[in-house]
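Pasting the structures here.
One chain, chain A, appears in both complexes that follow, with chain B as partner in the first and chain C in the second.
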Partner chain A sequence: MITSRDRTNFLNRRSFLELDARGRAAALFDEGTSRELVGPFDRVESPWLAIQDVTPQEDDGCVVMKGKIAGKAAVVVALEGAFQGGSMGEVSGEKMTAALDLACADSEKGILTSAVILLETGGVRLQEANLGLAAVAEIMASILILRKHAPVICVSAGTVGCFGGMALAAGLSSYIVLTREARLGLNGPEVIEQESGIDEWDSGDRALVFAINGGEQRYAMGLADALVEDDTPQIADAVRGFIAKGLPPIHRSSQVELYRRRIGALDTSRQWDPSELRRAWGTNASEEDKR
Partner chain B sequence: MEQIEFDYPSKRKISRRAHIGVVGSGELEVLLEPGEGERSHVFIRTSVHGFRDTWKAVMDRFFAKYDGVVRIQINDAGGTPGSVMMRLEQAVEVSEQ
Partner chain C sequence: MSTFTGVRGTAWFRAFTGKAAPTPGDPKSVLAADAALGTDHARFLCVVPDPHARFPCARRGEVGLEEAYTLAARVREVIELDKNTAKRPIIAIVDLKSQAYGRREETAAIFLAAAAAADAYGSARLAGHPVIALVVGHAISGGFLTHGYQANRILALDDDGVMIHAMHKEAAARITRRSVEELDKLGKTIAPLSYDVKDYAKLGLLHKLLHVENPETPSVNDILTVKNEVIAAIADARSKPVDLRSRRESPGALQTRKATILVRARLEEQWSEA
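Our next item is the complex of A and B:
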């Protein structure tokens, strides 16, 4: 039931989804502490798009900002979902990798620097194929090194969501923050439909897509650490909270045995319902591991 | 992708640059920076071919009102003349804040 308080909350929200990548990144920092690195006026654009007749963007759809969050050093890397589907190319990938590596270098010098990655992406940019794949591999390697020192927090607010290779990168992060409008998955619904047919997955069925990939389901399955409203202060609070908390006792992607056990126990001879998976996997993973 | 360039005579010096927009479907990115001398330069890259005359009409109208010496770069993914003009005006507003 929608109460009048819900309605007031909804009307008073400051939408995060309506911000572009630059606006989203800036909104997470302590006021007056952020500055952009390699911005649009530095004109570091993709050298591959123009020769394929695609208009480039001056920041290659990747915004890097440095500053303080909750009083601690942090770097935010935001992908622009509206430019080429937030896809990772050579330049955007290198910007993200370099930002993570600099955060790691600072952390090793004693200035612990967390990274926040805002993911609105379909994965590798097809026009840059192998270079995009290489970029994703480098990003994953950099996340693995940085997360020894300081938390790496991935946020997907929507509406693009996070798919493809960057979903693997998200899986390596210390914490994942999602909204109900976000979707998180390896192969996107359109790709599955294209490869395996509409009987396998009807990507036009939004209820089905969100029942499987949607932020609420992912959180309920224990694959994300926070589910927040599309509200800028709420998302910023969630990020601040995880930065203040520091590293998790064990990263989700290190719980290999737990997930092997879970997948091994799944009866794949029948179709599972998303709500059954919530019940089966919904307990906090680290608590289950302690048992 | 088509590249289009225009020059306009201008006089007033400006000091601040502005960046507006995203190269998304039906949208465009505008980079506006202080220029040199008494001439403004416009460099456009657009995904839609064959609209040079329309671009010229929009830029003629913009520079009929705006007198700053600027270098403008537009990366366009199919913005309509109306949205191009709004993005240009938005860039001017930000550069004069």
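Our next item is the complex of A and C:
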């Protein structure tokens, strides 16, 4: 049931999804503290696209901003889903890696600097293939170092989703913030259909991908730390909250025994209704399971 | 063009460890064993095909949920064992088809499983374990990110049957709307697109290409050559920083990754300006 209060809240929302990467990044900072680094005027473009008749973009679809969030030093790296599907190339990849490394260097010097990565990406940019894959591996390595000092917060709001290798970067993050419009998974529906057949996954079935990869499902399974509305202040609040909180006691990707046991307990003779995994893994999972 | 056969991983695992059996209780698709290597006692890990694996989409040498969490567990075991002592090398022998493409895998969050394995390898490297990836066959996409790409040093056999890439050739052609022939032609001039390991070596990511006579059934000489190179790579890793900077500071990277170097220099400049 939709109450009049819900309707007012809905109408008063300031959509995050409608913002581009630059707008999204800027919206997370304390007023007047942010500045963009290696922005479009620096014109550091991908050297690989024009030779393949693809028009490059002056920021390579990746925006880096430094400033303060909740009064603390932070860097935000936002991928632009509208440029080449947010795909990771040599330049966009190194922007993220170097930003994480600089945050780490500052943190080691005593200026704790958190990182927020806004992931709207299909993964590796195939026009840069092996350099894209290498960039993803290096991003992952740099997340692992930074998160010893300061949290790395992944926000995927939609509508591109977070797929491919960058889903591993999300998996390594200290906290994951999703909306209902977000999708998070390793392999996109088209790729699964191609590799394993339409019986395994019908990529035309839009509901299926949201039932499995959707933000609501991922949150309910305990795989994300916040589920937020498509509302800029709410998303900024969630990010501020996690920066204030600092590092989690243990990162999700380090909880190997818990998840290994959960995988071992699954009946693999059939496909599952996604709600089964909400019950088995979610916040209402039995105490025995969590132990 | 090389077809994935899945026999090389087992062959090289056996060459190094003298056996090729999974740890009791582990899935048969993950080989793990400790063996002498030079003056070290190293841990070896490899993902191999298991036609009877529990997960139907992970029976042909793909890295699936069970493989990823088993790798993570076997690497974390070593971190724990060596917590207060010398850090043993960890050798990831790589010959894998790809990550597993399945509905069960997505439902049960293979992205997290893959991240958990990468977390374990990366954490081992940061803790001081020399982590060496030895690519003896295929190293594709998310499979390689899960098993191998967090290594301090990557070695690969110089052979047509070795392929390191972001995506299978046929799928890449389809998605970029090119024919396989066009893709091969592009690869000749654009190194990151190439499926030839000799071109991969130009990117500066690889520590060394190793020549052997018989990569499928290695001879005594082949094994000796590769062992010595792995031992040398371990020594090199131990003497240098534990991060991945060598991949962008190598002679190959200085040639091919100029944009990487430029981005980092600009970002460093502007970072401290205000």
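Criterion: the second predicted complex is superposed on the first by the 283 of 291 C-alpha atoms of A that agree within 3 Å, B and C clash if a C-alpha of one lies under 4 Å from a C-alpha of the other, contacts with A are read in each partner's own complex, and residues count from 1 in each chain.
In the analysis below, a residue touches a chain if its C-beta (ideal position, glycine included) is under 8 Å from a C-beta of that chain, and two chains touch if they have at least 3 such contacts.
This structure is a prediction, so every number in the text was calculated from the model and none was measured.
Quick check on the superposition: with chain A as the shared anchor, is it clash or fit for chain B versus chain C?
Fit.
In the superposed arrangement, which partner chain does A:D20 touch: chain B (first), chain C (second), both, or neither?
It touches chain B, and chain C stays clear.
Thinking of the overlay built on chain A, is A:L119 touched by chain B (first), by chain C (second), by both, or by neither?
neither
Is A:L133 in contact with chain B, with chain C, with both, or with neither (first, second, both, neither)?
Second partner only.
With both complexes overlaid on chain A, does A:D53 touch chain B (first), chain C (second), both or neither?
After superposition on chain A, A:D53 lies in contact with chain B alone.
In the superposed model, does chain B or chain C contact more residues of chain A?
After superposition, C is the partner touching more of chain A.
Examine A:F83 and indicate which partner it touches, taking first as chain B and second as chain C; both and neither are also allowed.
Once the two structures are laid over each other on A, A:F83 reaches chain B alone.
Using the superposition on chain A described above, determine whether A:I153 touches chain B (first), chain C (second), both, or neither.
Neither partner.
Contact-wise, after the overlay, does A:I243 reach chain B, chain C, both or neither (first, second, both, neither)?
In the superposition, A:I243 touches no partner, neither chain B nor chain C.
Once both structures are overlaid on their shared chain, how near does any Cα of chain B get to a Cα of chain C? Whole angstrom is fine.
In the combined three-chain model, chain B comes within 15 Å of chain C at the C-alpha level.
Under the contact rule defined above, give the chain A residues that sit at the interface with chain B and also at the interface with chain C.
The answer is that chain A has no such residue.
Which positions of chain B touch chain A when the two form their complex?
Per the stated touch rule, the residues are 1, 17, 19, 22-25, 27, 29, 31, 33, 45-47, 73, 75-77.
Spell out the residues on chain C that touch chain A in their complex, using ranges where they run on.
54-57, 65-66, 69-70, 72-73, 76, 98-99, 101-116, 118-120, 122-123, 125-126, 141-142, 144-146, 149-150, 164-167, 171-172, 174-176, 186, 189-194, 200, 203, 205, 243-244, 247-248, 257-260, 262-264, 266-268, 270-271, 274
Touching residues of chain A toward chain B in the complex: what are they?
Touching chain B: residues 20-21, 39-41, 50, 53-58, 80, 82-84 of chain A.
Under the touch definition given earlier, write down the residues of chain A that touch chain C in their complex.
Contact set of chain A toward chain C: 35, 37-38, 42, 44, 46-48, 51-52, 64, 66, 90-91, 93-95, 97-99, 101-102, 124, 126-134, 136-138, 140-142, 144-145, 148, 164-165, 167-172, 184-187, 191-192, 194-196, 200-201, 212-213, 218, 221, 223, 251-257, 259-260, 262-264, 266, 268, 271-272, 274, 277.
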